[in-house]
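Each of the two complexes below includes chain A, the first together with chain B, the second together with chain C.
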Partner chain A sequence: MAKLKSIVEDSATEPVDLSNFGPETTVEDVGLDSLTILDLLYDIEQEIGVEVEAKEIIAFRTIGEITQLLIDKGA
Partner chain B sequence: MGIASAIGVGKDAIWKHLISGNTGIGPLTAFDTTDFKIKIGAEAPRDIVKEKLAILNRRPTDHALDLTMVAAHEALVQADLIGEAPPYEDQDMSVVFGTGKGLTQSLQTAFESFFEKGPRGARPTTVPRCMYNAISAGLSIQFKLTGTNYMVVSACTSATNAIGVAYRMIRDGYADTVLTGGADAFFEPFFFGVWNNIPALSKIEDPTKACRPFAADREGTVLGEGAGVLILESYEKAIARGHKSVGEILGYGESSDARHITSPNPDGQAKAMQMALDGAGLTPDSISFINSHGTATKGNDSCESQSIRTVMGDATDQIPVSANKSYFGHTLGASGGLEAIATLLSLKHQTLPPNLNLETPDPECNVNLVGSEPVSIKQGPAMKNSFGFGGGNGVLILGLSD
Partner chain C sequence: MKTLIHLIEFGLARILLFLFDTLPYRFNCSVSKGAANLWWWVDRKRQKVATNNIIRSGIETDPKKARQIAKRSIQNFSMMLVESLRSDEYLEGEDWQNHITLDIKPDVLEVLEDPERPLILAAGHFGNWEIAAHLVSRYKPVAGITRGMNNPYIEKLVKSRKGRYRFRPIPKHDNNAGRLIEELNQKNILALLFDQHAGKYGVMIDFFGHPAATFKTTAMLHLVTKAPLCYADCVRTGPMQFTVTTSHLIKQAPTGNKQDDIKAILTTMNEHLEHTIRKDPAQYLWAHRRWRD
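Let's look at the complex of A and B:
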């Protein structure tokens, strides 16, 4: 979760408030849209070594769901 | 108008330094210059830029884009077209903007990642981050400007060409308001490195002495970064909303040397200068001063002097010639924007800043050069020259508003 927080922070193009970053945080809360979420996917792949398809992550809305997906994929 | 440069952020800050003769050139700090022949440049203050970006709820992304946003914010607020802080409403304004080198910080990052990791090193947003029109598009999105948005790319003439295009759009009735000017920021190892091995850059190590426009002992230019933004508005619209503008564009000329990719040509330059004068319906004796391209390269300054004498004829000796690049550095595609603003400030104050490092004028630069003290000027419009690699020439005639 902490790793994901730091990746999200680096991916954001505008200042985002991550003080309440947690499982219920949505991708919209952290300022990601359909384009910038691609950078998040790329950074997850580079940093954590797990490949995630865009359609998989777009189906999820919260950080908790994304975290579970990464765990399921063996992260 | 709005400006972010090595001698300050904001028009009041830059005028103070211009009139005091304070250069913005210093040792480069943006990256490690150990292996570079040239170790100086004119850097814009990143801390101030970061503070100003926070007003727009932005964090630094690409330095060229960041400088543009800060300068555009100042220009739009001063023109009473936006409030200090977002959110902003849609408005029918176009963006026609200049750059020579584009989004170099983003490109440098992309190059490094690609050459380290191969195609897998390319972040998905590399394309929209690195495209030249990320600047005009970024302005449109940030400030909700729904007219057209595109870039003009013509090396050191970019901003002046962009201003000229914007002027014509308004004059010919295609737009009421256009945000224009130029930006360049390229203190990145690759983009600065490619300049290091060509003779256009000064080898003088003392930053205060390195850039010597029109001097006999000039050795080349010094690079700089910055953004200069002008908001052009039709006279009718300005009157209708009760806004008093700073100045006006009276004429614009442009040409291509069609001779050499880097060497300037006096015929091409003179053609653009004459076209600008003719467009404004002016004769040389009505020009109060010339804000020169004045790069401090061997090639430019003598050629430009020759072009000035060709066009101005007998009036040449009465027209003071000013050069700003010893303050801002040569900001390439931004230079016409920064220097157009300096031209308007000079008109407003009826004073020209000193030409730095001009102890010994070059006899081959036989024009009326401003010396080491500020000079008072008569009332009347000014000429602003910009010339670029590629042989493109752009010339503006600028005046104060009535």
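Let's look at the complex of A and C:
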């Protein structure tokens, strides 16, 4: 979760408030728009070493769901 | 009142389309050229932008010659509209190959002919990009971002005409990564024009030696989805005659340095576009403010 928080922070184009970052946080809450989602996917693949299919992550709305997907993929 | 204005506009558009559909192609071209000349003299701002862009690119340094290229560029854009309105008449027939010469590189052709592989096709505002989209739709459906019309009746009319070939318009307001990825998941062709000013969303990439804010969507889609990517252009070689050319596949595996990866892809795309423009500068749409510093 901490690693994901750091990646999200780097992917956002503008400074975002991540003080309440947690499983229930939505992608909109952390300022991820359609373009920064692509940045996030790139960073997840490079930094966590998990290849996530774009269609998988696009369907998710919360950080908790993304975390679960990464765990399912062995991260 | 607004509805009435929309209906009047729609009526005029129908009449114009009827005339374009029934009158001889060469006559339409003459009308189009006349309209472009009128536009050229009326819209002094665009005239200046286009001329300055040509001078800045270094393609022509003499202001008088640059103005001539800029004027022909407007005429070519107007011609493009006429050609696009009549494209199904020429491209849907048995003799479409009499109008189009193809220079599609073997690796790109392999992707086009494989129903299980999508393709990101990047192009600039050069020649007739609508014809290029129409042509590649012979291989698989093409999706592209389109600017919506303010008039809903004309919007419907335009959609019905584009629907004649396998083109799936993605409205600009619905232009999110999920929508674009969905097209790639469906193994379609995603046609993207990449040479517009990207503003704060852009990455500064040299275009004719000057940094220009360039959209990174094309590059990011390739890096993330691994979908094959190529550059394409469609040069007008005569009346309703075109040559559609593609690059080889542009390949960039993620290296871990995102900015460098994006820059490498976008630089390659800009270099292809510059090469195309140098061959016939008047076929490029110079009236767009590509550099805004």
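The rule is short, and it goes like this: the second predicted complex is superposed on the first by the 75 of 75 C-alpha atoms of A that agree within 3 Å, B and C clash if a C-alpha of one lies under 4 Å from a C-alpha of the other, contacts with A are read in each partner's own complex, and residues count from 1 in each chain.
FYI, contacts are C-beta pairs under 8 Å (C-beta built on N, C-alpha and C of every residue); 3 or more make two chains touch, one makes a residue touch a chain.
In this text the structure is predicted, and so the values were computed from the model without any measurement.
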Message: Looking at A:55, would you say it contacts chain B, chain C, both, or neither? Reply first, second, both or neither.
response: second
- prompt: Who does A:35 touch here: chain B (first), chain C (second), both, or neither?
  reply: both
- request: State whether A:15 touches chain B only (first), chain C only (second), both chains, or neither.
  value: first
- request: Considering only touches as defined above, state whether A:71 meets chain B (first), chain C (second), both or neither.
  value: neither
Message: For A:1, using the defined touch cut-off, is the partner it touches chain B, chain C, both, or neither? Pick first, second, both or neither.
response: neither
- request: With both structures superposed, pick whichever of chain B and chain C touches the larger number of chain A residues.
  value: C
Statement: Intersected contact list for chain A, partners chain B and chain C 13, 35, 38-39, 41-43
Message: Under the definition above, what is the set of chain A residues touching chain B in their complex?
response: 12-15, 35-36, 38-39, 41-43
Task: Would you pull the chain A residues touching chain C in the complex into a rising list?
output: 13, 33-35, 37-39, 41-43, 45-46, 54-55, 58
Query: Okay, in this complex, where on chain B does chain A touch?
result: 54, 57-59, 61, 123-125, 128
- prompt: chain A touches which residues of chain C in the complex?
  reply: 175-179, 181-182, 184-185, 200-201, 216-217, 220-221, 223-225, 254, 256, 258
